[in-house]
Structures are given as C-alpha cells and as structure tokens.
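Input: one structure, supplied below.
All chains are identified by letter, namely A, B, C and D, in their written order; residue positions are counted from 1 within each chain.
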Amino acid sequence: MFRIRRFEQTSLKAYNAGKMGGFLHLYTGQESVAVATISLLGPNDHVITAYRDHGHALVCGMNMNECMAEFFGKATGSSKGKGGSMHLFAPDKRYWGGHGIVAGQTPLGLGLAYALKYKGIPGCCLCYMGDGAVNQGVFHESLNLASLLSLPVIYIIENNGYSMGTSLARSSAFKQVLAQRAEGYNIPWDQANGENLYEVRAKTQAAVERAHEESRPTVLEIATYRYYGHSVADANARKYRTPEEIDHYKTYHDPLRLWQKRLIDEGLLTEAQAEAIDHEARAEAEAAARFADESPFPTEADIFTDVYSEVDNPTGDGPHGTHFFNSR
Amino acid sequence: MPLITYRKALNDALAEEILRDENVVVMGEEVAEYNGAYKVTEGLWSRFGSKRLVDLPISEAGFIGMAVGASMLGLRPVVELMFWSFSYVAFDQIVNNAGCVRYMSGGQIACPIVIRGPANGGTNVGATHSHTPENFLANVPGLKVVCPATAYDAKGLLKAAIRDNDPVMFMENTLLYGEQWEVPEEEYLIPLGVADVKREGADISLIAHGRAVITCLKAAEILQSEHGINAEVLDLRSIRPLDEEAILASVRKTHRAVLVEENKPFCGVDAQIASLIQEKAFDDLDAPIQRLSALDAPAIYSLPLEKLQLPTPDRVVQKALSIC
Amino acid sequence: MFRIRRFEQTSLKAYNAGKMGGFLHLYTGQESVAVATISLLGPNDHVITAYRDHGHALVCGMNMNECMAEFFGKATGSSKGKGGSMHLFAPDKRYWGGHGIVAGQTPLGLGLAYALKYKGIPGCCLCYMGDGAVNQGVFHESLNLASLLSLPVIYIIENNGYSMGTSLARSSAFKQVLAQRAEGYNIPWDQANGENLYEVRAKTQAAVERAHEESRPTVLEIATYRYYGHSVADANARKYRTPEEIDHYKTYHDPLRLWQKRLIDEGLLTEAQAEAIDHEARAEAEAAARFADESPFPTEADIFTDVYSEVDNPTGDGPHGTHFFNSR
Amino acid sequence: MPLITYRKALNDALAEEILRDENVVVMGEEVAEYNGAYKVTEGLWSRFGSKRLVDLPISEAGFIGMAVGASMLGLRPVVELMFWSFSYVAFDQIVNNAGCVRYMSGGQIACPIVIRGPANGGTNVGATHSHTPENFLANVPGLKVVCPATAYDAKGLLKAAIRDNDPVMFMENTLLYGEQWEVPEEEYLIPLGVADVKREGADISLIAHGRAVITCLKAAEILQSEHGINAEVLDLRSIRPLDEEAILASVRKTHRAVLVEENKPFCGVDAQIASLIQEKAFDDLDAPIQRLSALDAPAIYSLPLEKLQLPTPDRVVQKALSIC
C-alpha cells in the first residue's frame, strides 16, 4: 500500500510538472482493495480492471519504472508509450489492463475466465469496475453469460461512492445493495468494507474458491473512497463532495494508516519497519520518475508498429496488400 | 464584435434555444450539477434547473435511445456525449433508431434530436478516447453531421441543429473549446449544408472540416509568405448535407486540391470528397487531389507523437508544394 | 382476438403464395396478451413493441388493409412499403412500432414515458418485448433509468418460452422468475398467465395506475406461447419444440378458445355471436389481402423520400447542400 | 472440381479448422443445436459437440467481448453474427477492444478472433437488417475486413482468417449462400490482401467486392456481347488489407474504371478506391472514375424497389458506357 501511495503521489507531482497530459486517475484511498484481493491469487488467476489501474498494476507485479514511463509516454513504458496511464498491461503477469471505456473490460474478464475453463485450467479472473460502471448494458450481458455458462469470473465493484461528480444515489437505482443486482442472474454476491483487509480477503477467498471449485461467478462490492478528483483534470473535485467529507475519510478511514496501526497492534510490524517500507517506496517512486524522465520518446516510425501482428511479424512471403493508408 | 470562446459560443447557443423553445432539454453525463465535463454547459443548471438540464448515469445507449423516443413525441433533446468516442456503445440506437425511424415509418415520425460533444484526438488520452466518427455517421442516410471549426460557426450551427427536424450529430473539439473568435451579439443561424470560404485564394484549394480548418489557415499563411502560393481554405462545416457546389466551385477556380482531416484515412470524409471532385471536376484538375489525414494507426498516447499523428501546417504545406 | 387470428392466417397464406419475402413473425397463440393489455389504455397512453407486432398494431386500431399492404411492400401500406411487417407504425393512434432490433425499442418506450412526464401528461407507455430480449444490455440501462428518473413506463415481457430456437433456460440465468431482475432496480414486477385475460387485465391495470398516479415503472411478465415458427422462414419450427408440446398448447391452452368458452359460460357471448365475429374477421382479412394485392408498389423516386424531413418539406430557401450521394 | 455452395464452403472451412486446431471454437446465436440461422454451421454441433459449437443468448456486445477476452488467452473464437447489422450493439467491443488492444498494450496482446456473418441487403428485411459495415470496420487500423464473392474465395479466405493473428471481420451474403462454384477437394488457403481478376479485360475495369462482383460479371457479359466492350472484373476480396497494386495495375491497363458496391455511397469502400486511383494513377485515367453504390437511402422493404436500390448489371453497363 505504501508503494501505491507513494507512486501516486509522485505521478501527481509529475503531472503537475507537465510531464504528462490527458487523464491521470489516482488510486489514492483505494489501495487496500487491490492489495487485499490480488495478494490472494495463485499462478492460474488473472486480473483485469478499468482506467483507475495503477494500483492493480503494481500489486500484479509491474514495476514502477515501466508504469511511470508509460505515463510519460516514453518508449520504455509498458506499452511503449502507446497506451498511457489508463492502459497498463502485463500479460506475462496475468494482468490484462487497464481499460478506458467504462465497463468495456467486463466481457473481456468473462472471456479470460472462458478460456481458463475451456482449457481446463483451475484458475479464475478478477474483473474490477467502478460503481458507475454497473449501468453499462454490457456488464449485465456479462453477468447473464457468466451465470449461464458457469464461468470462474469474480466481478469486484470498487464502490467509492461517486462516478465522476455523480453520487451513487444519483446514478443507480437499487434496493439495498448495488451488488444485489447479481441475484437477478442467480449469481452469489457479497459486500465488504475496504478498510478491513481481513474482511475483504475472507470474502474474496470465498469467491475465489467458488470459482476454482465450482466454476461459478461472484459479484463482490467493496466500499472504498478516492481522495483526489476523478482524474487529476477533475476541476470540481471538491465541489460535489464537501471538504469535510474528504477530510473525514482521510482522518478516520485511511486504509493505509488503519492497516499499519492494526499490524503494529498485532505485533506483526514495528513503527520502524513501517517507516522503512514507506521510505523505500518513496525512493522507488522517485527513481521511477527519474527513469521515466530520462527515457526517450517513441519515434514517428513507432506509430505504425503494434497495429497488426502480421505486419510486425511478416510470414514467409511477407504481409500481403496495404495495411496503412497514408500516402506519404 | 466581442471575442468569445468556442465553449462560450456553444453555451450561449444552448441558453438561447432553451429560452426560445420549452421542448429543448439538455441531457447527458455531468451536464447539470457538474457544469459539464468540459464546461460547455457551465451555469445552465443553476440558471434553468433540473427539468431543462438533466444529469444521467453512464448508459449512453439507454439515454440516447430515451432521447430518440422523447423526440418522437415532440421534445428536442440535446444529448451531450462526454466524448463522441462513447457513441460506440450507443451505435445501434443512433444508426437504427435515430437514423431509420423516419424512413421505416414512411415519414410518420420525426426525430428532432441533437447529439453533441467533442470528437477529436490530440489530447493525450489514448486510442479509445480519440475517435472521430463523422465519416461513419455521415454514411447513414437519415442522419446529419456537423463539425464546426470556429466559435462563430459553432453557435450558428448549433442553434440551427436544435431547430432542425432531423437527427443532427454535432461534433466539437476539446482543443478548440478555449480558442476565441469574433461572435456577433445579435442572434444568427447558420444553415446546415453550407460551406464557408475561410480564406480566398487562387492557386490551390485546401479543403477541411473541424480543427483541420485551423491547420489549413496556418498552412495557407506559410504558403503565401514563404512560397508565394495563394491558397484558398474551404471549411465544409457540414459533412452531411454537403455543400458540393462550394467544393466544385473552389476546385474549378484553383485546379488543385489538398484535402485535410483529422479523421483516419480509409473511407474517411476526404475519401468521399476526393471521389466527388475527380468525378465532377475531372477536367478542371491539373494534378491529383492530395489527402492528408491522421496517420493511419490507433491514436498513440505519447503526446509528441500524437501531435505528429494529426495533420500539421508543415505537412499541409508539403502536400500543397507536391502539386504546385 | 379473432381478428388477429384470421389476419395472421391470411398473411401466412399470402407469404406462402409468394406475396412477400423476408421475415413474417406471426402472433398466433399470443393474441390474448395484446388484447388484454392494450384494451385497458386511455387517450394518453402509448404503445411500442418489437418485430412481432401485428397483434399490437391491430389492437391499437390500425386497419388490416394498411398492415397487409405494408407486408406486401405496397405504396398503400402504413409505411408506404418502406418498413415491412416488423415495422408497423401509427403515431396518430399512439402506436410507435414495430422494431426489428431485439430490445432496441426498450429505451424508446422509456423516451415516450419521459416526454409524457416532461409535458405533464398523465399517461404511460406500454413497452413490449420477448423473453430473449431481456439479455440485451440496453434493456438494463433502460430499467435503471426508468427507476432513477421515475418514469411511467411498463415493460411487458411476452414470455413465449423461446427466443428463436433457444429455450428460456438456455438463454437466461435467473432465480425463480425472469421479471425478478427488476428488483435489482427497485422496480415493482409481477407475473401473469396469458391465457387468463382477467388476471392479465388486473395486473396490467395495477401497473397502469402505478404509472399514472406515482409515475413509477413496472415490469410485467406474461406467460404465452407461439404456435408457428419464430418467423415463417423458421425452418426448424418443429425441431427445438416437440410437436406434442405445440399440440398440447393448441389443445389445452389456446387463449382464443378459452376466452370464447369463458365468455359463453358467463353468458356474455353466444356461439352464434362468436361465429359471426370470426366470420367477419376472416372476411376482413381476406379483403385486406385483396386490397394489398391490388395496390401499386412504390416508385423508384419514393426510395428517396421520407429520409430527411428537411428534404420532404423544404423551408423557404429550400434544403441546403447535397443530402443524397448517388451520382445518377 | 466439385460444385459446392457458398454455404457449404464456409461449413467445410469451419469443420477443417475445428479439426486442425483445438483452440478454434465457433460461437453465436443458434449456431449449435439450431444448426445456424442460415445453416452455415449445419451438422457441426452433432459432429463436434457443445465445447466447439456454443449457443449464446442475444447479447452481442457481451459475447463478442467475451470472445475477444478468450482470444487474448490463445483461443481462436469464430463468432457468428446472425446479421452483421447486429454488430452495432457490439460496436464498442469490436472497435475499442478487438481493434485497439494490441496497440494500446504495445504489441503485448494478440486478438486472433474472427467475426463472421451475412452483411447484405436485397432480402426484403428492411433497413435495420440490411447494413453493410465493411467501410466502417475497414476504417479502423487494427481490424481486417474480408468480403468473399464466391464459394472458392469464401472457403480459402475463412481458413486464412481463422489462422490470422489479427481480428478479422468476415462478411458474407445471404443471397450467395445457395449459389454454387467449383471448389477443389484438397486444402487451400487464400491470403488476405490479395485481389483476384475474375475476368480479364482490356477496355475498362469493373472493380467490386462481395456480391457486386457477380453483378459486374453479368454486366461484363452484356458489355461484351452487346457493345463489344471487353471489361475486366477485379474482385477486391479483402478490403483491409487492400491489394492496391492489383487495382492500379488494372486501371493502368484499361484507363477506365467503374467501382461497384452494395455499400452506401457516402464514405463507402469505393470512395476510398476512387481516391486511391485518382491519386496514384491520375495520368492513366482517360475518364473520371464512376461509382455505383446502393441508392443512398435506408434499405427500403418493398422487394421490387429494394432490388433497384442495389447495383444491377444494367446500371453497371450504363455507367461503363458513360465513359467508354
């Protein structure tokens, strides 16, 4: 969690220093969700998420350098500067992104689970999404397919209470619990408080076992909170939420501090160790920023690579026909 | 005339039409309380309230379909898409319901809806957020497509689009929202289907739409000052209906054309313009029509590269010189 | 019901005689649903449905001639031969079609309800759909919007047990009842047996009152059965359902015969009157077929009308620019 | 060589690839137990079972996205769309996920998926069921688009498409399913991106794709027999990648071209072909390139009119005569 916290802090600084433009969706405040859930996964389990993907990427094992360099749009980035912060990928680490279209990843996660089942691999796919994403039709199509085909996919709704400037109550109609919509598809669902890692892990574990042993899907809603605006470009970050609300969460519900305190209380961690971890994390993040800064940009020729695998890896008689239509 | 931004011009157009016609309702994600993701609707909610400015959840297919249905009963919904890129989750509702309902009902049903929002790359947001679907939508008989390049055009065209009885796809550009142009205080409308000569010239026609028009105007200055070439810049403004006469008139005068767009090249808008010119002004052409579109790959995230991916004044100049 | 039954019989005959091609989705067997529900509506209530729309069209007041002529693709058809059997419209009768894309009409129905509420008209919209249409994402987006915006729309799921060749169990995952999915959106729902017109009317009436008085949506699932194939072109009509199943429904659950018997038992109808009604219906249908047959086809010029209202009704200085791009 | 139908050729291609590669899985609505809405998958379910042929509910966006996700892990899904018209409810999944994932991942992810089904009008089913999106999808860098006109091409191209490591949009035609052509018994592949001269000629090039190729062949016979004009018929077969060389070679030989498509004209495939020819073979053209597309309105239901709405041999002949 320290690593994510420091990484985000550093990337925000870099954004404000003009090292990148566009969007930057900080995960600060939600760290416990990715950490508590992904840390449970085994060698056959896969992860996919939306654009607020920095935390998941790091927990899946991507290193800060490739991520930060990607934010900077550098050739050393995980996607060679072609994807950006919303699109971090590490298939070798079973991490499938990083997707910018709201809920667009939900059927992809289903497909990963489909492939696992098809190949007889006893794994599952954790597919993350926001509370605003539940109102995209494709998520419902995915729920029906997941239940009908009995696929090992776990949809984790990171409910941070807002979709951009819209509160949950203004975006979704539901009875008591958002995740309850899963009932309509005969899918088991549960809720967890994101600041309690033990609870999140226990409930995720139950879902993972259901996936592994029964090849059944689960919808798990985890309550959390984001500290910054929707993206760094969110001008109204403090308009649709009162400063008091934000401060309240930071003071009484910060998952990082609560977890640290708990581990210390339980004698599993000392203040000094925590200090050291934090220190390391900050150093790692700052080094990553330097790495990104010093890395080269892609070249104009790179614009045309990674579009078609046939063009990048021509077969015997090479690619046939014209693939790109700029007359230059 | 006062200088106002492209954003303010749109905002004024919306306010004026909301005041003029009680059936005009503006809806979309974050358009009301948040004042619009790009602030195009700033201040309208506090001024007109929640009946005329409606915040909606992230359900583009659902609410565009809802707006189409409401328009069938006489409302004039102006639906904001945060990005036109998101129209792809609502593509069926736009093409089949907005685009076909009048025809399939034998003219019994009208669909006076406007769908508006930014459709452009160049903002460092990656491939999925940088689509420019004007060529897709203009392919659909039943839909109209407008791409204003200046604040003046944005205001006049949006007001006309809202009063139009057919579904109008109105495509803006986030890179222009902050730019200023002269806009008269008195009310005016710009009819759809009328192109605009943004710069008179005799030697070559630079034909463009949207932000590419601005790129062409810069290129024209360079052509004039550095190469003594007097380029005409024709702004299509409206893609469908299309002002064919203006295009042909310009080419018949200059005998040379460079078509510039931020659209992708394959079956882009300029493919149609090129096909039109060569067919109807074949003998007037002294050189092949040149096209300059976005470099033909998904929009790259890396900003310096993305800037190269879109047409630049320099590359317009090179294209022009290649046939002058 | 006799009118629909005879109309379908006649259109089937015409189809087989080669008077039309493409699709023809017969409503035979489901007549009671359109009759029992639409007959409850008042002057401010609207109707929209899918492609299996012949019954709804007739109950809404469209006459057989304009419908049959539309099937034949004639200029005298309700859409001048431009829409076809899937696309019957009569806005003057508050009947909005007739839509060929599965569930594509569900947000349109929402929009009709939206306009009613916006204008302060105390009406509602009945939006019909099939049991297979519930798995299109846009329907779920519509349910959330209907509940969130509190709109007077009533979704009527005509559950005939199959979507083309796929049984309900093979297309939809749900707990006990399909309509229960509405709970996830906090929308009241109910079920009715389509062969019991009193039950259907009672439950529809409750939904209509909820819409009129509380401006709240309802999802109503009505059990019914189609006698013919999915469309007349459905080659497998008797493969995915046993002939026994079909015969069972025709023998024991035919809504027309059951209703007739009930009215006679209740002394509201005599055999003779039923005979007469049936006779009239058949005559009307056959006359419609003749009318359609004798009507002219549209002309080539008609292809280009009804595309743009601006072109059809040029304003003072006429339409600007080119609207059609055939260089002929 | 045995004569087999276009439908059977597709069926054979699927069976052969299912046998060859255990990662090939065919999925869609009614493809298994029902044997396919248009019987393209007839007999495959009883032969290969429910693992290789999968029936799915009416959720195109969901299951196309699912197939894209499965392909990222190495499966080779062949997804049937009952009609390509229904791709519009899945447009975002096709363009943004299938089309962009390789690029946005910097080449880390491949998407070896095939989406196939009929994309044509002329069958009396109305506007919403008669779309031909080859121009939309070929506009998207990252996607490939194929439109076979004969049983021979259908089989060879489908087998190549399934083995291709990029997403391939495979567009068939219900009016061709029942037509027969000679197809060899031994296995063969047809690489994407290679056009085919269906008829050698010297006086004019008729360039087409899909069923329009058949229309052109009929027109060529009329031109020969009634007007002594020897027309060449070039079948593009693959829209993206596109065999530009074959197009230019034909035009350089005949100096005249008529482009025929069942696509709508505005930004249709032939707009791109026309723009290409006039740019790269400008001096070889003795007359303006003529285009014949579907008449520019939503597909009309009325059958006799719909037949007129699509290119006919007679209208191809008229176009040809207008420049010969």
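In this text, a residue touches a chain if its C-beta (ideal position, glycine included) is under 8 Å from a C-beta of that chain, and two chains touch if they have at least 3 such contacts.
Since we're looking at a predicted model, the values are computed, not measured.
Chain centres were defined as the mean of their Cα atoms; on that basis the chain farthest from chain C turns out to be A. Of the pairs listed in A-D, B-C or C-D, the one whose interface repeats that of A-B, with over half of its contact pairs matching by residue number, is C-D. Note: centroid distance chain A to chain C, computed from Cα atoms, is 44 Å. Rounded to a whole number, the gap between the C-alpha centres of chain A and chain D is 38 angstrom.
Chain B and chain D have centres, each the mean of its CA atoms, that are 30 Å apart. Chain contacts: chain C has residues 79, 81-84, 87, 99-101, 104, 135-138, 141, 144, 148, 170-172, 307, 324-325, 327 touching two or more partner chains. The multi-chain contact residues of chain D, meaning those touching 2 or more other chains, are 57, 59, 61-62, 85-86, 88-89, 92, 96, 103-104, 126, 128, 141-142, 240, 265-266, 272, 279-280, 290-291, 296-298, 300-301. By the touch criterion stated above, chain D contacts chain A in their complex at residues 25, 51, 56-57, 59, 61-75, 92-93, 96-97, 101-110, 141-142, 144, 164-166, 191-194, 238, 240-244, 272, 279-280. Residues 46, 48, 77-84, 87, 89-92, 96-101, 104, 106-112, 114-116, 118-119, 137-138, 141-142, 144-145, 148, 305-310, 312-313, 317, 319-325, 327 of chain C touch chain B in their complex.
The touching residues of chain B, when paired with chain D in their complex, are 61, 85-86, 88-89, 91-92, 95-96, 99-100, 103-104, 126-128, 131, 135-136, 138-142, 240, 264-272, 274-275, 278-280, 282, 285, 287-291, 296-298, 300-301. Residues of chain C that touch chain D in their complex: 20-23, 70, 73-74, 79, 81-84, 86-87, 99-104, 132-133, 135-138, 163-166, 170-172, 235-236, 239-240, 297-298, 300, 302-304, 307, 324-327.
Of all residues in chain C, only 135-141, 143-144, 147-148, 170-175, 180-187 touch chain A in the complex they form.
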